[in-house]
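Paired with chain B in one complex and with chain C in the other, chain A is shared by the two complexes that follow.
This part shows the complex of A and B:
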């Protein structure tokens, strides 16, 4: 399988807004290091899940790889072409058609004044303009609408976003992302705002579409069980870095990094007996401020196994086996 | 021993498009020191239930009929003046977003102290020292008690809300999605804190959530709600291991499970439009077992084994 996306030492620093007083006193400009040296590859047809808590940089990473944000440093290579600092006008020529993104809140992603059908048609208009006739465009839209389960498509074509349920709206957003027949999709928490009974519908739909359209996914989620269900591989992020990456089964069933193990311990399971009987790694504190990142391993202040070395040196990704890596000195 | 008994409660909202029966004949009990989980999706009436018990419904909502017997008194009949004494001191409530419950111009210690002054008429000094005691008990370091709410993380803010309950020692705590906005590790910490509150002060907790996993962790008994009605009530074991209602079964089968390779089940369709709820059993349009009778008649909630109640025609003999 060929690599579709490769990311190397990717960085994104957001400047912290300074007050007038800060500037007057000549205080040094501070940065939130949202993504701070992330590297990974995604093979064609694969789903990589990016898992982590809020503030770990998973959403920023997702926006960087589809170039909705400009990286501070590092390298993004898509389909063999370096797109790290490519201009928007150039990206629009080919990349914007091949890579799409779906967000958590489908209502915020749809223009309330635009009919669902028009919203889905919009990308076709932008990228093909007059090359497709009005009739051809509408045919294409209706086709994609039935693929995502908005049936009958003729009915949904003329609806407005407020007339749809949450699940139907997310289907519309998926249709809009698919209408250009992209190869790569970033799905940022696509099921988190939906009702439990609707989540499974959308997850299964994404699986089916992946097969049918031969898609590659970067699936961003905070939910380990969803990641386990949907992903081939999982990368766990903590404070702007990947701390563990590997086969979904290995990462979830045999987590190596203490953070991954703590995260897994904290996830409640839909099984009362298992929940109350399993042993847990408990972390007392909360994540540190991403402006003042701890020295050495970023997790060391919260890690029950931290040693002297962890405080000084940042661990690289260490190979545990063929398909499983972790950034923890315990495995060196 | 029963602390709260809700009998045939009906709550209605008046909207421009018509009236909505948000809660339509709900009955259940909460015992002393018990954690009861209320599980439902949006529109199930679970949040309205919490608001109705405290009689803090929005202006367009009202209790149509039913009784809410709390500690021997019917709250429905209680005057607003007497209700004020119940709220906070006897029944307190925490919400998903603690920021909306905290005053941004008040130091956190004063939030707790004020509640103590109002309900227990303590002096300012006494209230402050008790407040600091409560805040440290829920895990807020003493050097943070003079902070303002915006200086705290979401988890810390929720701890402040729990500290108020801790200090006032209510008999019942209504917790409406208290951990939904939090990350899993912080969620786990808050759940531990609520369990501690129950163990130490024998506080009963009505835990309202959409998350079946959280309920499996914290609850003794579970109430499953759908479209304003109760579908199933039982102990956690009964609900998770001897599931009877097709809706509960569907929910449990539709959540991804760590370590399981079985395919996800999907409940077809969407939650009902509460302006026009379906006739008969509210779940019938999405139920794989629906028959003629389900489309016409609403099934009663019947006890099928000790403490296990189900509203499904398949369980009525």
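This part shows the complex of A and C:
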């Protein structure tokens, strides 16, 4: 399997808005280090889940790899072509057709003044407006609409977004992303704003579509069960870095990093007896401010096993098993 | 006779319709159509020549010969009001169209592009906005009018352009502000993700969600245009003083009111009110119509 996307030491720093007083006093400009040195690879046809708590930079990573944001540093290579700092006009020529994104909030990601049919047709109009006739475009749209489960498509074609439920809207968003037959899709928490009953349906739909269209997914989620269900591999992010990455089974059944274990401890089990009796790892306080990242291992202030070395040196990703890596000194 | 048909239509608009917006739209359209008909058919409706003096005794109150009475020079107020529709509608429509056509694209582009371009345009617009509107219009009208023997139409056009320049900043500011908030929406980012070029993002994704607040400005602009045009005529820059125009007649006529002569200013004033009302109703209904959340109107 060939690598479709490789990310190396990717960085995104957002400048913190300074007040006039700050500038007068000559205070140094500060940056939120949302993504701070992330590296991973995704093979064609694979699903990589990016998990982590809110604010860990997983959404920013997703937006960076489809170049909705400009990276501060690092390297993004898509299909063998470096797209790290490629201009938007150049990206429109080929990249936007091959890589798509599905956003978390289906209520906000559709233009309220555009009918569902028009919204799904727009990508075709932009990229194949001169090649496909109006009729062909409509046919294509109706086809993809029935594929994502907006049936009957003729009925939904002329609806406005506000006339649809959350699940239906997310289906429309998926159809819009798929209509160009992309190879790679970033799914940014596509199910987290949906009702639990609809979540499973959408996940199943994504699985089916993945097989049918031979898609590669970067699946961003904070829900470990979702990640386990959908992903081949899981990468755990903490404060702008990947702390553990490996086969989904290995990461879930045999978590290595203390942070990953803590995440699992936080997942409630349906059986209250089992829930009480299992050993839990509790971590202290809140995640630190991403403006002032702790020295050494960025997890050390919250880690119950932190040693002197953790305070000074940042651990690299250490191989602990076949296809299972973690950034923790405990495994060195 | 014309007024009879007009009132018949007016009440018809009330009887058959269901929603409030539809009523507004119907009344507005009926009023506007009536005004346009009056403007076009003025020679057939007006009983007298509007600029001929001493057709009746000066200051004749409304009577069967002179429906709206006569003014200080014995001209028939009814005929003047009928003919005045022409210049008033032209000035109002042309100036609103100009200001709309320039202010809105400029606001959209400025808000979307941002940066230095936005700063410069906003600065120019603020400078225009800070100027007293009549003085501004006056300066532009003087600059545009070649003076002397200009045709009435070119005077009307220049006046309209002068007024539209005054109104461009109003459209610009409103549209720029809404563009700034609309462009932060997720669907704009989604449009970028599907590869939409900037002009398409602005045209298809931002503009339809940003123009609504500008539509009510049209009716303000419309009413103000008639009065500003009158102000310019009054100062001798706009239309020649004998030319029938509502604004000119109101601004001259109100001085007669202390002497008990109300009709010289009341009737042209009423027409300004009706024209503004027509436009306001249409523009308000248009705002509703452009909102897909409301059930579709049946025009």
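The rule is simple: the second predicted complex is superposed on the first by the 330 of 332 C-alpha atoms of A that agree within 3 Å, B and C clash if a C-alpha of one lies under 4 Å from a C-alpha of the other, contacts with A are read in each partner's own complex, and residues count from 1 in each chain.
Definition applied: a residue touches a chain if its C-beta (ideal position, glycine included) is under 8 Å from a C-beta of that chain, and two chains touch if they have at least 3 such contacts.
Small disclaimer: the values here were computed from a predicted structure and weren't measured.
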Partner chain(s) touched by A:331 [first = chain B, second = chain C, both, neither]: neither
Chain A residues touched by each partner, larger count belonging to chain B or chain C: B
Contacts of A:197 with chain B and chain C, given as first, second, both or neither: first
Partner chain(s) touched by A:128 [first = chain B, second = chain C, both, neither]: neither
Partner chain in contact with A:14 - chain B first, chain C second, else both or neither: neither
Touched partner set for A:53, first chain B, second chain C, both or neither: first
Touching residues (chain side chain C, partner chain A) in the complex: 185-187, 189-197, 200, 204-205, 208-209, 290, 292-293
Complex contact set, residues of chain B against chain A: 41-42, 139, 153, 155-156, 183-189, 191, 210-214, 216-217, 236-237, 240, 250-252, 254-259, 264-268, 270-271, 286
Residue numbers on chain A that touch chain B, as the complex places them: 53-54, 165-168, 195-201, 203-204, 222-226, 228-230, 252-253, 262-273, 275-276, 280, 282-284, 286-287
Contacting residues of chain A [partner chain C, same complex]: 66, 68, 88-89, 91-92, 96-97, 100-101, 103, 105, 108-114, 122-123, 126-127, 160, 162, 173, 176-177, 180
